[in-house]
Amino acid sequence: MILITKSNNAAQKIANKLDDKNPIKPVFVHDNRVALAGVKSLDENILNEISQDIVEIITNHHQAIVSSRAFHPEDTIIKTKHAIIGGNNFVFMAGPDSIESSAHVLEMGRSVKAAGATILRGGAFKPRTSPYSFQGNGEVGLKAHRAAADVLEMDMVTEILDTKNVDLVDSYTDIFQVGTRNMQNFALLKALGQKRKPVVLKRGMSATIDDLLNAAEYIAAGGNTQIILMERGIRTYDNKYTRNTIDISAIPVLKSLTHYPVIADASHAAGVAKFVAPLALAATAAGAQGLMTEIHDDPEHAFVDGAQALTPSAFAKLADKIKKIHDIV
Amino acid sequence: MILITKSNNAAQKIANKLDDKNPIKPVFVHDNRVALAGVKSLDENILNEISQDIVEIITNHHQAIVSSRAFHPEDTIIKTKHAIIGGNNFVFMAGPDSIESSAHVLEMGRSVKAAGATILRGGAFKPRTSPYSFQGNGEVGLKAHRAAADVLEMDMVTEILDTKNVDLVDSYTDIFQVGTRNMQNFALLKALGQKRKPVVLKRGMSATIDDLLNAAEYIAAGGNTQIILMERGIRTYDNKYTRNTIDISAIPVLKSLTHYPVIADASHAAGVAKFVAPLALAATAAGAQGLMTEIHDDPEHAFVDGAQALTPSAFAKLADKIKKIHDIV
Amino acid sequence: MILITKSNNAAQKIANKLDDKNPIKPVFVHDNRVALAGVKSLDENILNEISQDIVEIITNHHQAIVSSRAFHPEDTIIKTKHAIIGGNNFVFMAGPDSIESSAHVLEMGRSVKAAGATILRGGAFKPRTSPYSFQGNGEVGLKAHRAAADVLEMDMVTEILDTKNVDLVDSYTDIFQVGTRNMQNFALLKALGQKRKPVVLKRGMSATIDDLLNAAEYIAAGGNTQIILMERGIRTYDNKYTRNTIDISAIPVLKSLTHYPVIADASHAAGVAKFVAPLALAATAAGAQGLMTEIHDDPEHAFVDGAQALTPSAFAKLADKIKKIHDIV
Amino acid sequence: MILITKSNNAAQKIANKLDDKNPIKPVFVHDNRVALAGVKSLDENILNEISQDIVEIITNHHQAIVSSRAFHPEDTIIKTKHAIIGGNNFVFMAGPDSIESSAHVLEMGRSVKAAGATILRGGAFKPRTSPYSFQGNGEVGLKAHRAAADVLEMDMVTEILDTKNVDLVDSYTDIFQVGTRNMQNFALLKALGQKRKPVVLKRGMSATIDDLLNAAEYIAAGGNTQIILMERGIRTYDNKYTRNTIDISAIPVLKSLTHYPVIADASHAAGVAKFVAPLALAATAAGAQGLMTEIHDDPEHAFVDGAQALTPSAFAKLADKIKKIHDIV
């Protein structure tokens, strides 16, 4: 249940009052709105106590109440040191799939920065389908990634796989990333809800829109609402020519349901470099507020997922077109 | 097997020679290329006879050999009375879902023409999930549709459901449309292969890319290669917020595999009007060469699928943005 | 809307009365029940006229009203010359995928009859993904199939692909089969609704349960309710080890929603012979009332789908286990 | 690469030799077989050194090498205190979805034991889609569960959600369970690979067969091969009448590829109690070696997933039929 009240003060006052009363909790406040998670109706006595401050009561909101537009009508804008994410802004997160070496991540970072990227992506802990595949360079990778981001004056985003590593990764990164296989790793989401750093949450391979919003809510319920949702392709019956099926409609649908920034990962969606550009352009035209893109100067020898990596020059050309399309839509 | 020969003449000569020899048939010729459907290897004697005219032999082509880029490298351009479809052209096919009346289709046609559409769509035979739903106005609808197209100097495209109606529909329409539920109605495809009019072939709800190309090949094998492929959304595990999941990657994938024009139907993909525009823009950005869009001036009272119809003015605004995006990609 | 009336006579009387009044039609009667397709409410005057004969009004029935258990609570039992289909009976339909020759279909029929099959399956018109694949032996196949069925005293079931062939196929077969690709070929379904012979309706590759029932309703609305529904595997994201994913739950779900017999095709579901038996046993345990199975004495040289054909002896062993399981469930 | 050697001794000798040589690792031994994960070919010098002890070299094995039948041809049989899992044995794991109280889990355990269950299931940590849903009773639940299992002389199986809780859960349970949402939580799988207790690994909602085997391999690579694979229904385009689509074919497919026991969870697959029994029977007929079933004496008031819980008496009836079917297949 969401209560729209007369003023921000009134909302805070009502929240304080209700938070006391079991079982009405948790209670969230945003401006003049009070969200009562999981509450379908209020006791008449309570309602009488607060009714003079209430303008409207919304009950047909999304189950992920903090994440819903009904609770937070305007776009969430996330400001990091080097980027503004959300609203009418467009953000490029780019870099190598895995951090291969200090020199390599720095070089890749330099090239994507030149093309307009402000956030340097890269993986130190890689979630691989097989235990015998390269699992990432671990803390050595985190260090190299951090150093490159500092030199280039970019933000760093990297994936976190394990609740046990949250503090370790936190000590290096600017933005956490939760991968598709962990979208419903609720222990991890709860741990990130205790942090006050942005989290990029990738949609699970077969997650519904509702699943994704509820996963975001695990983070938000802990008090961390710096959430960036990412469409990265879903699993369908046809993956002969692309690795996944990008669900372009998820972009406008999510933007209508939630206030968080919505970005896309065309690299994993396509799985092959030649289809990354059209998918990235499409995501932009559909209203994406940013893109995460994998690049590599020597795709054939990339440690991970070389087939889907753009070369730096292909990325620069793509970024150009994307800016133009973003201006139109 | 595809033989690239020294010249168009050589190709024709080889085709004539091979067509004689069972079981090598059917044989297709395009410029200096000869396609031998279903043939994996040639008898050595035959090969010796023709080898001096052969430049290259391609064996790793798509099963839908006539439809493949390997057989027909350049884009197919289809010219109708009022439209050019394929290549760098962009075509708008728009109109009401079903032909409701002569006056209505004329009015709708007038509005979409003003926005840039050259082909007037509309259904006289409607494939409805339930037998108790409105099944279309039949020949009365065809007549009204034809009259409106003539007055407006537009082409007419309409759906054909039954082999028994091929000649009837043929006597009215400029372009046939095969719907998603009939994509593998091979009897119908064969019948249309005998015509020499363009066919819009909609992808089946769960058709793979290969299924779609093989369905097109049923038409092409009959000698009709004026085929327009249409992505219209596939069936996935999530259809809570949109009717189907538009498979945007199908657009660049198809364009890489085949020479036929590839267009999109954002109306059926979205299923709700507010998501039609972002999907249409995305399809354009991904390289679609045209759009089919349903419009209605009074969506709430449309006979069929009103929820997904754009108003004429919304369509005009959308068409504007689409032209701009098409210029960029 | 379904009206439960006091007696079969009352139902007929009400039906006659309502059938007169537009737009209440079509009207269907079964025993003491009257089904008004597409009707949500009745005019008060009409209601008053008939209320004394009405025991109950059902409005939460399936859209496919004639097919619903609410209209026809008891199982439909279909009696052919050599088989009883539905209820507690179990029917084996077996035979080669395609009719290859008179001798072959006779031999295959003999072996499946010995194992308990009463219906001889076989295809004369084959719906193949590619136009260059073998398309079946046509009327020659129908003749051979009919002759074998007559000699063996079995019923014949064969697929129909085209409205133009309905009378031709009708002149040979005992039971029509509509394939998965034509499940929503509504013209074909309507044509079969005019016949008074059983129709095996295969579920479409990505048809929902509701789609399947609505497709059946196209046949039923024409007056032909001798319908047998068949689960044959759906399309999902994983088809590496089996051709399709058999949706076993469709069997109990359909049996709860409709009165028609529900059978399964484990051959197409599995796609490889070694998995046919476990799937067939599973379908039986889930409540299937019959099985359609492809057999071949020389699978490697079968004209079509040899990989999924059981040998006659494997079929005999399977049939034995199936009878035992059917006795338990 | 799998080397079949002359004897168990020879295998051990070769393994010792190869384990030394980078980058050939890890090396696994089972009887007279040596598995070299990720190795496609061996250096000629090495091959010469060991060739006299080698009978056969297998290279077309599954990527999940330890889990493959090629490495471990015979069924894995897991013996717990109260159960034998795998081979021709059939195991019932049953109990409430969540541990509600000491008295309740004891009562539920008593009823399922009477019906033949030897393993008591129950959740203390519940992975719920929404953060506002009941998250389980935590350690209090573990204690009650353990106590009930001890009193009843049953084994205890419970879900583990977080690497941080592995030791806590380990101190109570006999068998770990990894849920569908964590099937690719590789950190958790690695942690369980360090334990020497059985792990029930549920298939992810959209995991392929290969994904499931690779996930199992994360556990096996750590040295823990007491793995039980569980089919529990996948996500498809139709979930109107059941919660998931049970992939029955996964059972025989997995049994052909791997030596681990394969069981099924018909409760989550069905999602509604009335369809649990037919799905459970089907899974058994398809070759499942066990079933996990949720029961509740008062489904309407169950803390979690009451809709899919069988009553104790329904479970007893089902168990009876299952034993009979298991004897047939």
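Which chain is which? They are A, B, C and D, in the order written, and residues in each are numbered from 1.
Note that contacts are C-beta pairs under 8 Å (C-beta built on N, C-alpha and C of every residue); 3 or more make two chains touch, one makes a residue touch a chain.
Owing to the predicted nature of the structure, the values given are computational and were not obtained by experimental measurement.
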Seminar exercise, completed: For subunit A and subunit D, the contact-path distance works out to 1
Problem set entry | Pair joined by more contacting C-beta pairs (A-C or A-B) | A-B
Seminar exercise, completed: subunit B and subunit C have mean C-alpha positions lying a whole-number Å distance apart equal to 32
Exercise. At what distance in angstrom does the C-alpha mean of subunit B lie from that of subunit A?
Worked result: 37
Problem set entry | Rounded Å distance between subunit A and subunit C, as computed from the means of their C-alpha atoms | 48
Problem set entry | Sequence positions of subunit B contacting 2 or more other chains | 206, 210, 235-237
For this session: Please give the residue numbers of subunit B that touch subunit A in the complex, ascending.
Result: 206, 208-210, 234, 236-238, 240-242, 245-249, 251-253, 256-257, 269-270, 274-275, 278-279, 281-287, 321, 324-325, 328-329
For this session: Flag every residue of subunit B that touches subunit C in the complex, lowest number first.
Result: 26, 37-38, 63-64, 127-133, 161-165, 181-182, 184-187, 190, 205-206, 210-211, 214, 217-218, 221, 235
Exercise. Once bound in the complex, which stretches of subunit A touch subunit C?
Worked result: 206, 235-237, 239
